[in-house]
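Take this structure first; my questions come after.
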Amino acid sequence: MDEVRIGMAGYAFMGKAHSNGWRQAPHFFPGIPRPRLQVICGRDERALQGAAGQLGWQNTETDWRKMVRREDVDVVDIVTPGDSHAAIAIAAAEAGKHVICEKPLANSLAEAKAMLAAAQKAKVRHMVLFNYRRVPALALARQMIAEGRLGRLFHFRAQYLQDWIVDPQFPRVWRLDKSIAGAGALGDLGAHIIDLAHYLAGPVREVRATTVTMIGERPLPGQPRQMAPVTVDDAAIFFGKIQRQEGEVTASFEVSRLATGRKNYLGLEINGSQGSLRFNLERQNELEYYDRTLPEKMQGWNNIMVTEASHPYIAHWWPAGHMLGYEHAFVHACADFLAALQMKTELHPDFADGVACNAVLDAVERSAQSGKTEPVQI
Amino acid sequence: MDEVRIGMAGYAFMGKAHSNGWRQAPHFFPGIPRPRLQVICGRDERALQGAAGQLGWQNTETDWRKMVRREDVDVVDIVTPGDSHAAIAIAAAEAGKHVICEKPLANSLAEAKAMLAAAQKAKVRHMVLFNYRRVPALALARQMIAEGRLGRLFHFRAQYLQDWIVDPQFPRVWRLDKSIAGAGALGDLGAHIIDLAHYLAGPVREVRATTVTMIGERPLPGQPRQMAPVTVDDAAIFFGKIQRQEGEVTASFEVSRLATGRKNYLGLEINGSQGSLRFNLERQNELEYYDRTLPEKMQGWNNIMVTEASHPYIAHWWPAGHMLGYEHAFVHACADFLAALQMKTELHPDFADGVACNAVLDAVERSAQSGKTEPVQI
Amino acid sequence: MDEVRIGMAGYAFMGKAHSNGWRQAPHFFPGIPRPRLQVICGRDERALQGAAGQLGWQNTETDWRKMVRREDVDVVDIVTPGDSHAAIAIAAAEAGKHVICEKPLANSLAEAKAMLAAAQKAKVRHMVLFNYRRVPALALARQMIAEGRLGRLFHFRAQYLQDWIVDPQFPRVWRLDKSIAGAGALGDLGAHIIDLAHYLAGPVREVRATTVTMIGERPLPGQPRQMAPVTVDDAAIFFGKIQRQEGEVTASFEVSRLATGRKNYLGLEINGSQGSLRFNLERQNELEYYDRTLPEKMQGWNNIMVTEASHPYIAHWWPAGHMLGYEHAFVHACADFLAALQMKTELHPDFADGVACNAVLDAVERSAQSGKTEPVQI
Amino acid sequence: MDEVRIGMAGYAFMGKAHSNGWRQAPHFFPGIPRPRLQVICGRDERALQGAAGQLGWQNTETDWRKMVRREDVDVVDIVTPGDSHAAIAIAAAEAGKHVICEKPLANSLAEAKAMLAAAQKAKVRHMVLFNYRRVPALALARQMIAEGRLGRLFHFRAQYLQDWIVDPQFPRVWRLDKSIAGAGALGDLGAHIIDLAHYLAGPVREVRATTVTMIGERPLPGQPRQMAPVTVDDAAIFFGKIQRQEGEVTASFEVSRLATGRKNYLGLEINGSQGSLRFNLERQNELEYYDRTLPEKMQGWNNIMVTEASHPYIAHWWPAGHMLGYEHAFVHACADFLAALQMKTELHPDFADGVACNAVLDAVERSAQSGKTEPVQI
């Protein structure tokens, strides 16, 4: 397999990040099939032309239904808002294309399950792009937990905090409209930290939750005097149990878009009987490790700069001490996907991982409604 | 009023901290009445003699009932475990003594209320020693919120994490026995952050909670083969609402004694519409402030080293850049209490504040039991 | 001008960074001329073929003399070791090509001057690639100083510390051979912080210096038993004066390759009468600013996360809070160069800036020899 | 020996710190002789009375000559400005008193030597109070170096930065007058980091230095229109060699009182072949350790919170995670001195250590004058 032809639906923020991933992967990961940025798809012809030129795509298509059936496309990459994920992904799978989908996999658990079923039935490869799994520091965290360095896990604690809607005059964009976005901070940010819980610790099996909307209405985009209701949450807090062979882990989660001063803060802490880990996405090249097996007087939080050749992905980039940025995790995802296609190896997170995340989101929403502990049901 | 004679019940960790507070206050706070360390009380005569000498007390008493009635005592300072707070405090008030009590005020809301009622009836001064209110950085935080620098508050987020019982062989000491300690991490650590929520943001009015005991039994002290059940929580997580004139604040709390690598980590974050504050007790001389009213390109987390003469309490100590430590907040509490006695000014946190904290603890325990949201009822 | 054709001499670490710069620039900086990666040049045909494929170059050339004269090349980009900079750059200029050269401009001041003279005579554009000038945080630092936010500058303090040769068995590679590298830590790391002093504060006009070689011999590469002398410095320390209209600035510099635990630590601090700035390359997206004009109780080190659209270069990349990495500064340099070519605008750092840096390096070496203060002479 | 009677000359900032040291020592260090704060000495009778009351001294004396001869004084503690250290210390020694002296030992090397000679001749105990040696994190650093954890030392790097005279209207106080203070930032701040170099790494044997006075005149105290010349340095920079059995250490030092935003920043870094240490006095309870003997992927800067019972001095204070402050190091010094008196054990830093520090200061001043490398001569 020399070349893999990509068709991408969507071209906004995530389109920019995925395009860069496809373009950069072959330059840093020798030996993988070369991706061809074959066709980009969007509804606005004019904007689409601009995006295609800027992002490096060779062709355009304004109807995703056509795009997913094109013979010159091997992989469909979906970066549209959540309300169209299911339709595109299912059609792509039915057309025999491999499918990559932005997170969360779908706006509802039912849709997510249908997507997984379609991909499985069509026997195509599928990936949901939880990019943070491929931040080197988090990949290292997983290695260290697998090596048993933390012992029995007691706590998993995660926060994902942003502040881009603190201003009450910030408009009611599509991400604040439940019919398109599915959920607010919960679906957007919560999905990431739920997936990281699954990646690092294990399946969340029950939750107790609250969701809040603290700024209830906002002006419509471009119409500063026309107010519209915000139909998604601004923030969500939930705690639960993570199932793990050696015992249950107590987990807590908090997400917000009203955390003034937090731009893209994803903070994690995992406490185990033998050690702990801390991570902060705003310092994404660092992983802090507390090793309780050292002599007491030598114990401390060891700030590992995850830029050594022995760290995940790093050998492909720069010498020690040279930083990676936000987009590198997407490059890793594209490279890993291409390598897995070629080698026919397993690849995660796949749509089953996406379903697992949607199932937790579903339980969180049920609990926020019922006020009770709700089991996660897949 | 030249001199105030103190009688203290108890002499362990908190006894050491309070004694130091009384001894140091007059040397750094000129003009306050001079405290006399009149009598220290404990059951073990021999240990008591040692403590009296070491801590600077002039007399000893082995029966607190006698101590609280001594004519040469003006103030009773209670640093015993929680199960004896109510009895001692009520007797002291009835004997006309002013009363200071370690936190939490009592092991139950009912006891706390009885203590407040007794103190009010006797018209004596009362203080519950939530020492962290008098850490300069937190006193500054309160000033800044009062000055409106944060605008409308959206979030109050607090964690108090320790790790001293991570080892399953750590013995089942009194703090792990509900009949003496009342609660575990919740009562010990949770009380502190609930009080700080009250101090900084306002009254918590409802909560949803979970408490967990992850290590269910431990050896009895000095009997490594004799296991006993742990009857208190190792960790507690709860979220709720804080009532505030300008709108509700979404609050989340987490406490644990199994957070490996966290020694005495009390982390706070408060997000408002105009700014945010962050604090970490392990760097207690620093307060981080995000000012959203600055031009965007100048915004950041401003790490204020709270050691300037213009900061609370600092003018009494050292020049800028010279650190205070753990015990200083107790010195401030003693100095403030003595000044308030003399000047007949209001003083917080008093027993009413202690009751308010116990009421939240009570709601947390009810919610952990019922699995439902529970109102805070005073 | 639609397209600019690049010819690059060299293909190692810096070749990878420059190639990426050329490839990425047009995708993130709309409107600039599109660079064509026309030809890459190196002596080892086989390795060169691999590099060309991996890095995205269309043609290869094994003789730089041919390459610099090719008609299909507009810009010659030099990423070879320092001993060949002058010859290639001068030939390229004489052939009428624009020239970009890695730092330091040359191994000697005389060579650097000859390069500048050749470029000026040929009236071609020239740039020396001190990449760190285009790290957004440092570009912001320069803006802030220009805005007068620091007042009169008192101190400029810089350290550039690495540890890659701490192991005495690390081989005597070309960077440790004076005949090729020109100098050791001084030329490699010192050049960067001297250039940043020039960029941020002003011209260094005299220095007092020491250079040391603490590990005097090492095995030759691939010959672990064949020791060879290290003929460059491991570390250099120097202090001096920076000339500035409002008064002299006291400057200190330290570089080392034996600073265990420092991977690529470039730390800067600038103290002025009204404020200060701190920067650390290992946290390259942050700039700390102390504003002495705030009320005393609000003063602190403000950690500005330099990821806002209002910060230099950021609008071309990702939303606030999303990090840039090491290679982005090279993309900025390529984009700025292409834009300056098109718009015929001034561009720095040019060869004159490169000469200024070499002049300081020259004074440092003279001072380390003479043991006396030496003037910087251009 | 039950009690040791102290006579103290001086009562300003250092008087407050020493008094607190004497008062606190017996409460936290059981078993040491009890210090009696016998007599405090100063010229201004009225101010002295206030200080005596506030600081806890039983008697006053306005003539130090009388004080040092009093029969009821065992130890003379000198906290006056440097110009009177020698006279008082020599008289005290001649009167058979043990002597403690604030740092630097004297304003000149000759005086320092005379003080040492007098103390040796009189066979009294002597200590120079370089308090930072007794900050637990620095005492731990010394332990770790002695244990060989850093291997061969390559670099010792220290900065002591303050900003209290940045305002040009700040008055020309005694610390800015060479006839009283001896030197400026160099004597005040430089003395501390020279002593720490001696404590942690070994004797400095030669230096190359510069000193600068960037604000040349200031108003006299209380006379805002009467300008007077500043006759001491604002800042000093020097580098040199530290002698050590396994090889020379390259050392660099910088001190300033014009480092805006730095309040009491004493930063240290020591790089060795096997590991490194970092320390920052503004976070005095933390010590960072890089262990190069760990597997590469686990290496990082380990932030040791120096608050464990196994750390120096900590068992006398609070549980893990509870911070010490500025004044604690003085308590440790007083306690250690009292214990050494009783047990007749060696004690450092003594006057010989003080002489060693003055000898480096002397070499720095000579080098700043001559512009050449100057040997340290004792």
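Brief remarks on what is shown
We call the chains A, B, C and D, going by the order they appear; numbering starts again at 1 in every chain.
Heads up, the rule we're going with is that a contact is a pair of C-beta atoms (placed from the backbone, for glycine too) under 8 Å apart; a residue touches a chain by one contact, two chains touch by 3 or more.
Since the structure is predicted, the reported quantities are computational estimates derived from the model, not experimental observations.
Where chain B touches chain C, the two copies mostly use the same residue numbers: shared numbers make up over half of all numbers in play. The most distant chain from chain D is A, comparing centres defined as mean Cα coordinates. In whole angstrom, the spacing between the mean C-alpha positions of chain C and chain D is 41. As a whole-number value, the distance joining the C-alpha centres of chain B and chain C reads 54 Å. Centroid to centroid, with C-alpha atoms defining each point, chain B and chain D lie 36 Å apart. Residues of chain C found to touch two or more other chains are 262, 299, 301, 305. Note for the complex: chain C touches chain A at residues 13, 17, 19-20, 23-24, 27, 30, 54-56, 162, 164, 262-265, 282-285, 305, 307, 317-328. Across the complex, chain D is touched by residues 150, 154-155, 157, 159, 161, 163, 166, 168, 208, 210, 212, 214, 234-235, 237, 239, 247-248, 250, 252, 254, 256, 258-262, 269, 271-276, 290, 292, 299, 301, 371-373 of chain C.
Listing the residues of chain C that touch chain B in their complex gives 140, 287-289, 295-305, 308-311.
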